[in-house]
Amino acid sequence: MTVGKGGSAARAVDWLIAGLIVCNVVAVVFGTVDPLFTRYQAVFYTFELLSVAVFTAEYVLRVWSATAAEEYDHPVFGRLRFMTRPAVVIDLLAVAPFYLGTVVFASDLRVLRALRLFRFLRLFKLARYSQSVARFKRVAKRKTGDLTVAIAGTSLLLTLASSLMYFVEHDAQPEAFSSIPAALWWGVVTLTTVGYGDVYPVTPLGKLLGATVAVLGTGLVALPASILASGFIADDADPDRCPHCGRELD
Amino acid sequence: MTVGKGGSAARAVDWLIAGLIVCNVVAVVFGTVDPLFTRYQAVFYTFELLSVAVFTAEYVLRVWSATAAEEYDHPVFGRLRFMTRPAVVIDLLAVAPFYLGTVVFASDLRVLRALRLFRFLRLFKLARYSQSVARFKRVAKRKTGDLTVAIAGTSLLLTLASSLMYFVEHDAQPEAFSSIPAALWWGVVTLTTVGYGDVYPVTPLGKLLGATVAVLGTGLVALPASILASGFIADDADPDRCPHCGRELD
Amino acid sequence: MTVGKGGSAARAVDWLIAGLIVCNVVAVVFGTVDPLFTRYQAVFYTFELLSVAVFTAEYVLRVWSATAAEEYDHPVFGRLRFMTRPAVVIDLLAVAPFYLGTVVFASDLRVLRALRLFRFLRLFKLARYSQSVARFKRVAKRKTGDLTVAIAGTSLLLTLASSLMYFVEHDAQPEAFSSIPAALWWGVVTLTTVGYGDVYPVTPLGKLLGATVAVLGTGLVALPASILASGFIADDADPDRCPHCGRELD
Amino acid sequence: MTVGKGGSAARAVDWLIAGLIVCNVVAVVFGTVDPLFTRYQAVFYTFELLSVAVFTAEYVLRVWSATAAEEYDHPVFGRLRFMTRPAVVIDLLAVAPFYLGTVVFASDLRVLRALRLFRFLRLFKLARYSQSVARFKRVAKRKTGDLTVAIAGTSLLLTLASSLMYFVEHDAQPEAFSSIPAALWWGVVTLTTVGYGDVYPVTPLGKLLGATVAVLGTGLVALPASILASGFIADDADPDRCPHCGRELD
């Protein structure tokens, strides 16, 4: 969460903040369990105050010291420009609701809690420390075209199958298949092989169509898996460099 | 949607038409939501008229200008032969229901709407612009034999398992397992790991058989995934040359 | 279904018989749909008689001509030994129930029908004509060790998780988790991600355990897929022969 | 289960003990089926006594002969140190409950039975005889980073999606989505594509979110599959040599 030029001390602070964010996530999650919350209300409240204090201090210090970087060295406009960086905006969103909340949403505790979810987003910033995340990005980039076509084809198939299912099942189940968007819910649940069982075809023709969609669904699960597998393997092979001596291979 | 020799202008028209088709699909989907439809009936109707006008104009112009291609240069028979090309028939099916519909199905709005689904098919024609679609076709062609055997084996297993399940569960659940085709519905839902929960075995023997089928189901999901993965990898590796002598393979 | 030395005529007969078997499978499947059966009883019965006649004739002829092969050339014992070959026993099982059935099970039509499922097995014999089946066998053989360990590990995990779930959920749901074998049914349905919804944990501890098993389940679906994928790829690579000139590669 | 230096006789004993453990597992599993247990109580009890006798004898002999190994050659402390090895502690846990149980838990048969599950753990010790297990470990080690990131990313997504779903569905279904931990149960069941059907969104916004999670779920099933596949393939390809210069990689 430092501007990126920090040494091991800055990195230690990063990990401390990361730990605090994880604790915040846990607090948000368990703060919704009513018996727990009512019993340990004081603990939850104190921890929230402490977290906001730390996050606020960190935010103020980072904005203050932003001028150390050449590109933000103007005392006012540099800092303001720094504050518009997406990563810094997320940090503001993580604390702002607390201050606004006590004023604006004072009456609705749940909205206030929900806004605290913005803190989760800060965890994504840790990703840049990971070699594997870099690999995932390379694989995703290498296979963007294939994955896009797979997703587009699946969407088209899903819309077509759900529309047909609507026309087939609407008369037998006017509640479950009340419209094509309702049928799309069935389509997604079936194509992904989740199968809750809240909606399913009951007519023979609907079952035939449903069976076809379910079978195609296993293929559609197979498609991204095989595309990604070939991407990872191509990335492992990395034909451009020798893994031992680093020389470029022809 | 042009005959294929068009330049960038023709391609721009293609994408405009494609955009209009996507809007049509959205209109068909949301036109089935009764509160939306009754409220915006005029919008839906106007959009339908506009779409049919554009599609009709495009169809007439394409048939008219078909004679530009050498193979369709006879003023009457060339155009008629052009009209029998599958891609052109789809374009006719996309508008014909409107004209026929207002005459023939005037009383049944739902049939009319359903026929509009033919317009979805026009989207598939966009596929030829994509390199990834070409790759999917190559992989599918290369692995046709393996995939056919996988599908045939699965079908055989499915029929055998469902038939056995019928004989095992029919007495305990005469409604759910009323016949082998009914048991096939259970079989597909289980083998594909969808598992709606509308039908499942209740006897100990049936559960043993069902567990076996479920376990085999995970293998059957694995089979197409691994076949396709090996296909994508082989395709990545350039299949055109012999790795030994470097000569082109036919 | 010939002894294997037959020419194209023998192969044509094979495919004819195969077609007849497929029709028999279809007849068995739809013969269990009561409205269909009662209406077309005569058709089903005639077709059954015809099938048995053809299968019986084929069986008698094959046994009769078995002496043409050197290893079965004794007029009596050669034919008897030929009759004990598994592939020939299956052919007998496909017709015997009809003759026995009319005598022994005359009163129970359903047992008679069930025994007709043996005919399905004859379809498996067609597999030897397929190159892909040969490839599947090679891959399965190459990866036997890995797949065995994957299955053994899954079984062990399944038993352990289901036993724990029994001890966790038995008090809350004495019906659903009445014993460890009952919990195993839950375990299989969850690990394979089928998830019918007839049994699921309701206590917090049970849900925690169930969630862990569900997550491990996705890994267990991934394991055979990745093992098979590496097997297919190794088989494709087939480093022993040049795919163009057939010369052995070093 | 020997210290590892044993010959074929020691290995035969290992397999005998392994067989006895498998039988114990079967006994624990079927001992929970009440009708079976009450009918064959004597058999179950005798088998339990026999098993404990064999396991105890084996344990005592192994601890006694531990001094044969140089590192444990002190008559008292060597044996005590040997007893603290994890593999040896598991062997103690497999029998100790019987002796403690008859004293301490005499009144509660079920706790006693549950503790017998420790014997399952002894089966894991057989794994070291398998080449495939060694391969799985190599693949897991090679892909630890990728798998960790995949799991961390999934956990983050799961928490975020479930929290959002709680805020979206809480008002419509205050029972099913009573808190974020309750929503996490829905999240796991959906992301893993199990889909029991005990909890699912009912509001349009909840269904949109649920559909997104289900689709991402198929990708998340694909991720470990493709990571593992690339690991197996890399392992097949012998990772020890540089493909460029042929020198061994460290």
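The first chain written gets the first letter, and so on, giving A, B, C and D; residue counts start at 1 in each chain.
Operating definition for what follows: a residue touches a chain if its C-beta (ideal position, glycine included) is under 8 Å from a C-beta of that chain, and two chains touch if they have at least 3 such contacts.
Just so we're clear, the structure is a prediction, and the values are computed from it rather than from any experiment.
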Using only Cα atoms to place each chain's centre, name the chain farthest from chain A. C
List the centre-to-centre spacing of chain B and chain D in whole Å, with centres computed as mean CA coordinates. 43
Where the centres are mean C-alpha positions, what is the separation of chain C from chain D, in Å? 30
Rounded Å distance, chain A centre to chain D centre (Cα mean): 30
Can you list the chain D residues in contact with two or more other chains? 181, 184, 193-197, 221, 225-226, 229, 233
Just say which it is for the chain contacts: an open line, a closed ring, a star, complete, or other. complete
Contacts from chain D onto chain C in the complex sit at residues 25, 28-30, 32-34, 110, 114, 117, 120, 123-124, 127, 130-133, 135-136, 181, 184-185, 188-189, 192-198, 220-221, 224-226, 228-229, 231-233, 235-236
Contact set on chain A toward chain B in their complex: 145-146, 148-150, 156, 159-160, 163-164, 166-167, 170, 178-181, 184, 190, 193-197, 200, 204, 207, 211, 214-215, 217-219, 221-223, 225-227, 229-230, 233-234
Given the complex with chain C, which residues does chain A contribute to the contact? 193-197, 225-226, 229
